[in-house]
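Letters are used for the chains, namely A, B, C, D and E, taken in the order the chains are written, and counting of residues starts over at 1 for each.
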């Protein structure tokens, strides 16, 4: 057996596990937790197109989640338009907003960019909280929108059990993973990486860095908005404070950084660690020691960064490679590359 | 007309206090190149220290600075030394180690919730605080005394810090480290000590800001969050790393918040702040007083 | 007992070893040149001495003190001052502030005022540009600031990494003259240079480094005449 | 035919006139040298030509087209490539990746781009280091990487800013050979260099500037014996080694 | 077998103070119930509380409801104090058919969704606002002072917006002139601009909906700027928070606040319950805590009658509730009874005034007149400053 075959086998194994999970995990609670885990992995992967490849740190992606959720929900509540269609409309609107955000902010560097995206997202939240109607559309300001139970089924994007949601988000996640993998190996991926690391040098090599970043931003905001619709249909309630929140924006970015920024597996690894830590610590301590779960969450963030400042992906890849090497009985040389990572 | 004057004065006073709450953020960024997401929490800790210092010893709330500033300095110093420094050592070659912001966020969660666990969720304010409702009255024009003190303290603090950075040997060493960690170490500067120091100074200014806030504000575990985002806006508006910029940024935000409601509901002024923020950045991506080369 | 005694050190970037069992000595008052092709490990050697790089094996002794585990700032305090490759000035600080930072260590701080005068005497160009931001200086001026900043620390040994790199021919001579003056005033100098002709001609001794190993050492005058050196480093 | 014509180009930084009414003309197939004291404005002139920032005044014509204020990426597509004096590698990526970024300028396919990049690396005797992270290269290798990246874009005109600083004399000679070969393959080269060994051996024509102004122009021989140049730049005891 | 009661309340985050109270009150109630023999019809089954922290965040509330139902297998749910959290969370319970008792969360729409499983003990916001206006009318008559201009100032959230909507209608009906209608963010760090607007509006009466931090800040700032008003009428929540009086101190004097219950209520057992609570937790019971406390007794009563843990049976029993006496029934009105929407149709409110009668500032019940503390005369209008 050679390395390629092992990789393929491992991939198929993971897929089988992912698709078979609901057959084993019967508890709706745990399935709920896993659905949200995938949801975050999906968001982070979409985020990665900008935050990972383009080398900037957006901290306002919750705005796109909000745009997606609000668009499809308003269209479905007021005009009976299927959320599936609304999802695409939301994606398009988010893309436009994303590009509008990108135009001024991509001129900024480092911390300025990060903080400017926070301001953008917060600005959108404040606007949503302040308007009850946009023309005929009922946004309902700070009171949020509730989706009343409709007939369940694929068309209404509403189901009685968790399993359909599970498979929808799983497929979405796989698609977006494939897309990022594909992009990372394409001209756009090279251009984004180069432009993110040394913009001046990249320009001299024929790269319109701003345009490459805008393309990435457009794709990222489109994909992120799709998940917004999913979230709205899954939780049946959207509220500006929770869906366009800093918490959500931060968590997306943190999952990426904890998992390994700019890598394909990073978002999944990050979500696999952070989501359960968040959920289970709240379950165990939420009632007896209020706040304890956030202390634990904070500690985990700090500890991971202390021991793996580049994220979990690096050591785990190494581990996997050495496992594979042992399997095929070949000793791989150390030869670990060292280098200056970008900030 | 009188209204405008009154609101403008309030905006400037409150704004300079905002500037003071954000000053530590800009100092820490200037040196460590790190956004300290725990800055609001440092402010909160400072408010608790002030509250207890005044409640237990009964000293004048403004005199509490002599207790709070040093306590917060050491708190920040050792927090950086123990929790953040290892990351800097691990990421020697990175100029702006982004991983540190995760750590500072972790500190934020921990501090806020540890406070909740220890002191409970109660809202506290100084009992029989003589400054609480002190106002200067000029006919119909009211000026809040605690805010006026806050403004003066903010300006004095900013001037002192500026002087320290420009004119002292340690200040120069701090500036040098902020530009090139490695080259600074070749001048005999212990970069990690400088980082501790900068973090300590940043925390001490949060402590001073806390002292100005406690006489007219509530103390509770999540109070820092209220000042967090405002702080980010302020420092970016003023230019990251610029002390005077923080003050000016704070005053701009204070003015919008104070004068804006004459023309719209208070909830919209927030949106105006964000809007203005983005316009400024669009025109001047490094903020009003930011260094172009050394963002 | 040599002032600086490097004994069989190994230095590596992660898993990649670039210096192998390297030994080198510098006596008090000497000017010693290290020459070698690019990638030979010259800069790495200086970085190891000044504490920027960990030493994996072997030892470095300075004035009877073992210094190979010390952090850079302590090494500066002891008197070894490294003027790094690429100048590494503090771009947003004035020339004067750059120089003053050089005198940060305790030993130098007290005499900073006098040292500054001396540095201005040695490099009068800097006095003219005292308040200009380092960022806006030309390459040659920047190099002078870097050397001046090194001198401000009152070094026992001044280590220079390629001081002539990227300078106009007319300035190169000036830089080497400056180095000579510094040495004449009693400072020990350890210098890495590509401009072998100039550097060896003002040095007492030299080492030739290749692939992280010393392949030749001796009197500077002898090295200049060595056929291998002539061919590889002088291009004759 | 003149490939690059610079007419009365001026670049002002605040109060400082870094380039002052500079005129030069580079013929197709030439190797053209630009020298001058540190801070004379050489890199600034390059930056204006390469579109990093527009000149304050003057006119730049490349390949018959006015390129004042054109963006660097467009210039690159038109066949004008440059290296940076302060090297800017994509440090977290391998050498091959770095060069592939350049060769994407002429193709959209990754395999094709990689193949082109490999060819460039081989040409520069650099292929053995293709898998090394760019951040781990020595300065000299980073300079070589700068050339490789620029070459990969398949330029007509190559602007080289001090790519030989830090090379040993025999390596300088090797690089001179490489550049001459490039010229023989039809690439026009415009080079800034302080190493006289290289510039004299290489250039067909040299311009010398000081304080942003041209003080001399001519063949290497003429320049080496020009009083003004000796006084401002070469120094009295200069001799072509 | 025990009866598991899931409770989703804000134990951390900005409303942690009230969450803590709600937790205490519930614990005190089930201690009493269990000590008295538990649910007799279920063989003396004990009540067991499971708490979950909502952090005042709707999405956390929803997630916790899912978990409590699916994993903890709770038999009933209660919560969530913040209307914004309760609203979506009740929808989860409805989907699973699990009965959900809402002690207090006032937004009308919680019981207007047509849900079968939701039962609210507290009054809803249309009643709160209705009573605020009746109170205002009664006061004008009693003291012969005319009120014309009203200012509305409220937190910009589900709760505040809900109140403001009702107020506007009521003001129109009552012939008042609305001189200010101002939402503000609860996260504000300086409320003097809002206070200036109040002052400049020259309103006679100010009506407020505030959370704790902003309630304290507003009250202090109003005092600082010497805003002359005939009355300030608050809406519980932040103004009823146990830390409010301590932190606002003198500035809170003469404030009117509408609540469900006050310590001086004239009801058997109320005084004892409050003393017990105070001894245990060092605070007085508040209206909102009492709702939580009573909710446990309502559940106990329903469980006794259901004699089953089947959610459908419990739901039916809850729907048939008519609890008028027995231990724990310390509310100000006679009985608890749910209408078709699940709203407690008897829920009534009282108005208190903050004043100092010699024992420091306290909350004194003044309205309806029948409930007024003996010997106390309300201060209306407020004295000029």
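By our rule, a contact is a pair of C-beta atoms (placed from the backbone, for glycine too) under 8 Å apart; a residue touches a chain by one contact, two chains touch by 3 or more.
Bear in mind the structure is a predicted one, so any value in this text is a computation, not a measurement.
For chain B and chain C, what is the smallest step count along a path of chains that touch one another?
The least step count works out to 1.
Tell me the fewest steps from chain B to chain E, where a step is a jump to a chain it touches.
The distance in steps between these two chains is 1.
If every chain is reduced to the average of its C-alpha atoms, which one ends up farthest from chain D?
E
Relative to chain C, which chain's C-alpha centre is the most remote?
Centroid comparison gives E as the farthest chain from chain C.
Find the geometric centre of each of chain C and chain E from their Cα atoms only, then give the gap between the two centres in Å, rounded to an integer.
Their C-alpha centroids are separated by 76 Å.
Counting in whole Å, what is the centre-to-centre distance of chain A and chain E, each centre being its mean C-alpha position?
The answer is 39 Å.
Express in whole angstrom the distance between the two chain centres, defined as the mean CA positions of chain A and chain B.
31
Return the residues of chain C touching two or more other chains; collapse runs of consecutive numbers into ranges.
In chain C, residues 13, 16 touch at least two other chains, as defined above.
Touching at least two other chains at once: which residues of chain D meet that condition?
In chain D, 135-136 touch at least two other chains.
Multi-chain contacts only, two chains or more: what residues does chain E have there?
Residues 12, 16, 19-20, 156, 185.
Touching chain B in the complex: which residues of chain E?
Touching chain B: residues 12-14, 16-17, 19-20, 156, 182-185, 187-190, 192-194, 196-197, 200, 212-213, 216-217, 220, 223-226, 241-244, 246-249, 251 of chain E.
Over in the complex, which chain C residues touch chain B? Could you list them?
Its residues touching chain B are 50-52, 71-73, 76-77, 81-84, 88-93, 97-98, 100-102, 104-105, 108-109, 135, 149, 153.
Touching residues of chain D toward chain C in the complex: what are they?
Its residues touching chain C are 16, 35-40, 85, 136, 138-141, 162, 165-173, 194, 196-197, 232-235, 237-238, 241.
Write out the stretch or stretches of chain C touching chain D in their complex.
Within the complex, chain C touches chain D at residues 13, 16, 37-39, 85, 136-141, 162, 165-173, 194, 197, 231-236.
What residues on chain D touch chain A, complex-wise?
50-52, 71-73, 76-77, 81-82, 84, 88-93, 97, 100-102, 104-105, 108, 110, 113, 132-136, 149-150, 152-153
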